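Pasting in a structure now, in structure tokens, and then I'll have a few things to ask.
Chain lettering (A, B, C and D) follows the sequence in which the chains are written, and residue indices restart at 1 in each chain.
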Amino acid sequence: MTTHSFTPKHYFSTLGTHDFVLRVADGDTIVTTTLDAGGFDADRQRVHTGVNPMTGPFFVEGAEPGDTLAVRLDILRPNRRFGWSGVQLASNVMDPADVALLPPPPGFAEGSGEWDIDIEASTATLVLPKTKLGRLSLPMRPMVGCFGVAPPGGEAISTATSAAHGGNMDYKGFEAGVTVFFPVAVSGALFFIGDGHALQGCGEVCGTGIEISFDVQFTVSVLKKTICWPRAETETHILTIGNARPLDQALQHATSEMARWLQSEYGLDWVGAHTLMGQCVEYEIANVFDPAYTVACKMSRALLARIQGES
Amino acid sequence: MTTHSFTPKHYFSTLGTHDFVLRVADGDTIVTTTLDAGGFDADRQRVHTGVNPMTGPFFVEGAEPGDTLAVRLDILRPNRRFGWSGVQLASNVMDPADVALLPPPPGFAEGSGEWDIDIEASTATLVLPKTKLGRLSLPMRPMVGCFGVAPPGGEAISTATSAAHGGNMDYKGFEAGVTVFFPVAVSGALFFIGDGHALQGCGEVCGTGIEISFDVQFTVSVLKKTICWPRAETETHILTIGNARPLDQALQHATSEMARWLQSEYGLDWVGAHTLMGQCVEYEIANVFDPAYTVACKMSRALLARIQGES
Amino acid sequence: MTTHSFTPKHYFSTLGTHDFVLRVADGDTIVTTTLDAGGFDADRQRVHTGVNPMTGPFFVEGAEPGDTLAVRLDILRPNRRFGWSGVQLASNVMDPADVALLPPPPGFAEGSGEWDIDIEASTATLVLPKTKLGRLSLPMRPMVGCFGVAPPGGEAISTATSAAHGGNMDYKGFEAGVTVFFPVAVSGALFFIGDGHALQGCGEVCGTGIEISFDVQFTVSVLKKTICWPRAETETHILTIGNARPLDQALQHATSEMARWLQSEYGLDWVGAHTLMGQCVEYEIANVFDPAYTVACKMSRALLARIQGES
Amino acid sequence: MTTHSFTPKHYFSTLGTHDFVLRVADGDTIVTTTLDAGGFDADRQRVHTGVNPMTGPFFVEGAEPGDTLAVRLDILRPNRRFGWSGVQLASNVMDPADVALLPPPPGFAEGSGEWDIDIEASTATLVLPKTKLGRLSLPMRPMVGCFGVAPPGGEAISTATSAAHGGNMDYKGFEAGVTVFFPVAVSGALFFIGDGHALQGCGEVCGTGIEISFDVQFTVSVLKKTICWPRAETETHILTIGNARPLDQALQHATSEMARWLQSEYGLDWVGAHTLMGQCVEYEIANVFDPAYTVACKMSRALLARIQGES
């Protein structure tokens, strides 16, 4: 159970079978940093020009295709004061007829929002643009926007989007303390991480969270079981992720994966799993901005514990 | 501010410009009952054969096209012990390839779930089918599945579906204590209500909640303002409703309506409204079963109060 | 086989169980007129203010719920020189990001296109707006945009949209010589017709065809069989119609209906029907503008005749 | 204008920036072969196990990012007698409720269709399964299912799907005589081709065409202009391609690209381009099976020639 401190020297804008930057053992912990979505580091220097630059990939010993990689997000901490965001609802989240009524979307250079991040106070305070919100201060909820493993079949998939391997899911539920599970497609899994947000609403409807560079720590382990889509465990819920367009299809993926999980690991028959989901399932809309949308399907751990205790 | 006690003698399976059953004043309260989604009453007698029979319509004096009807849901209380539900995920919420792997969907007659509703204990306990869930007991969360006003243009819209006038939205957030706002399209608004659920998960993914007949009490009032989609206020949030397929379009309707609301009543300019939504908006997937899907777009009232206090 | 000449005195903007205007026998022919989509008649007088005013409904003797109404479109002929159209791609048919780059959509009053209809020459010539198209002259292809029967369940559905009963399908394939089949939901079927176009592209992407009033003649007959969605026979094809959003769902409805038709009336087993569709089916996108989109699924009659001859 | 005869030694199941297999000049012609979608060659030997193996990539001198690669499909000719196909409508093209009513989909090994390809007679004759279609013989229409160029940003995209770079579009319109245009993203364009079909219906609704290995000949040239999506010229039409889910979004991409093309190369102002499309555009549904669906947006070349002659 070694803890590795890793300083990235280059970044990737695809998740693929790239040369790994560090080889770690099952159970190890990695301490490293991530750039923001635009490639800017803790000093606001732009060190990578591609979208959502990834730190990694990390080779995890023992991970083979068909396994599951568990990644516990130990620490997600902004490492500078400056955060930025979109300030206009994306054209695909409004009624199409409303889009024509707005001014053209401002470019990120002059039009984007700026936020002051106070790490001690754990707040994000709006600096620009000047609106009737004034210097609105919001509690920080750091989360990771884009992470995952190398996809199968030799694909190298842009960090702008997501699929079964993870990627740019932009789900505000991916915060510190959560363990995320990815389906391993290549030897070593090849784990990537980046695109930290100090805060983000559901749907990422302005196209960004509050984008910022991070200090991160996470712990990896290998499970000898097979999953189809990313899964996670939070303090209160188990959840499954579907990535696709339209939202309907993302929801189908997440729902099918939850039905499988309840049957394979929680001892339910299919009619029990379905009946339970009918009255107790929860969904979150993670993002409706990226090329693939993301839906999380959730079940209460307390409820599942009670069911297992009773059966 | 009269309280009317109304006993329904017939029901409707469309929301339309039907003859009203009771004329009430702005501010009045109505105490009445609703059938379950299959037309069964408090004695499990089937008294209407159409889907989601509606009690009403109620004519509200002073409500004219272009106004808004506010309906506060005062009491939603199951009035019998027997609830029923679907027990299989609907074919449109699973991955299509998974649908073929399941047995044919059981008919409601022999295959549906039965629940014992204990109103004192406020629980719903699974009776049938026999699954590994056993006699799972869940806390009740009574909600109204289908309600709304007469639509414009002389339409009479089935209670199986929903649109801007409300209808079969099947949103678990429509529970007692919530005030719901509907766009008035005809004189008197013509309010309908029915389809109570003792409990329902997000998405109504098995095609039903725990379906049951209700005793209900609600209070109506007329607002001289115009809205485009249903809105609501809960103890903690304001929210807007979009009804459409696919989910993407339902979300667009709800998002556009929220942006309008924040600008018209919360003093925000558009860039402020959008920036705020980008980092703070929440969504709930109400149903993904009915012909029109339903999405709720939510903003925290505490946050809005703070913004208004500061500006 | 009587031919009825009918002069409409009022119109409907919903398809519903309205009082019929004429009762005809199975096999009868009706000669009448239709207003344009805006309610303007052959003299450009506005005689109805609702959208897509319908002539009818016509009660067809012998038509009962579960039957099929066949309507042969004998004559569809513009009856004035003036046609009008939208001149901007609808906001929902372009990339959302492109919508913001266009000027706001012109209102129909000042911004819409005008066309000169020469019935003898069978041409439509662009008059306004003044564009680099000049006075572009196009061959006329008269078609009916909105027609169908009363829906089931007491619904009255706006002529802006469509469903299993027909309605505003805006399919350019509905031209003279075609026989269209509708599922009968009420006694007498209650057939409605209106919304003639002198010409329309696939998708109705500017929101209209070349809108114009019509002289029409059609012949109705009752078939003692049950269908789920509108069907049609042209000189060259049989076709099925799906009406829904998104296009994916409209296509599913039309595809399932074609698979049923091939099995029930063309003697194919399911694997034969599916195999044939896999290599020979054709689709047309009828409209992507109305609240429900419309897809036509087509099979060659010559091919089917050959298969039946061989088997 | 050299003609190169190239014998492939290995294949790719992604379109990416792989080492090129042949370097050719602008204007050169290439004669080569392609495997079928399952990796089987002209002798029915399986020589590659990935999906839709690609021959190539071919480096085209002078092609730089921002340019357009034109590929004229000179010859597409099946080179063996054995073709195979799916025989069941895909689960995503039927009504979800119908999917559960069918037997589980047969695996390709025992359940797929077999066709006898007679190249002299230019026919495909059904051999298996035994259905009421008997030995149905259909005219061959050879087309290429998957081809395109390396995508930007270092992506390597599976040949199962498609995007702006082309890929698995499965459009029956891509037959001999057609010139297809791709947006160049890397130096040399890196052109790939494979996945020949002897015949395919619209939508590829059974998940395949009649899959077969090909002898192919094509001619490449570089255009110093920029396009956003694949385009093509047939004998009768110009057309643009959109690849996405749902169909609605694929249609939006293709429609926006056509509007751009009409303005940039056919001398139309936007209102002229839109007005023309409103009454004259055509669409084809290419595939509704692959992860990204494909829509073709078409305009008549004769009509465009007339407009240009007149203006």
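The rule we apply is simple: a residue touches a chain if its C-beta (ideal position, glycine included) is under 8 Å from a C-beta of that chain, and two chains touch if they have at least 3 such contacts.
All values derive from a computational prediction rather than experimental measurement.
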{"item": "Chain whose average C-alpha position is farthest from subunit B's own", "value": "D"}
{"item": "Pair sharing more residue contacts (C-beta pairs) when B-C is set against C-D", "value": "C-D"}
{"item": "Whole-Å separation of chain centres (CA-atom averages), subunit B against subunit D", "value": "47"}
{"item": "Centroid spacing, where centroids are CA-atom means, of subunit C and subunit D in whole angstrom", "value": "32"}
{"item": "Whole-Å gap between the CA centroids of subunit B and subunit C", "value": "34"}
{"item": "Shared-contact residues (touching 2 or more other chains) in subunit A", "value": "92, 96, 102, 245-246"}
{"item": "Partner subunit D, residues of subunit B touching it in the complex", "value": "90-92, 96-97, 99-105, 246"}
{"item": "Contact set on subunit B toward subunit A in their complex", "value": "85-89, 92-96, 98, 102, 113, 124, 126, 129, 131-134, 136, 138, 199-210, 245-248, 251-253, 255-256, 259, 267-272, 274-285, 288, 293, 295, 307, 310-311"}
{"item": "Complex interface listing, subunit B residues touching subunit C", "value": "12-14, 16, 50-51, 153-158, 244-246, 249"}
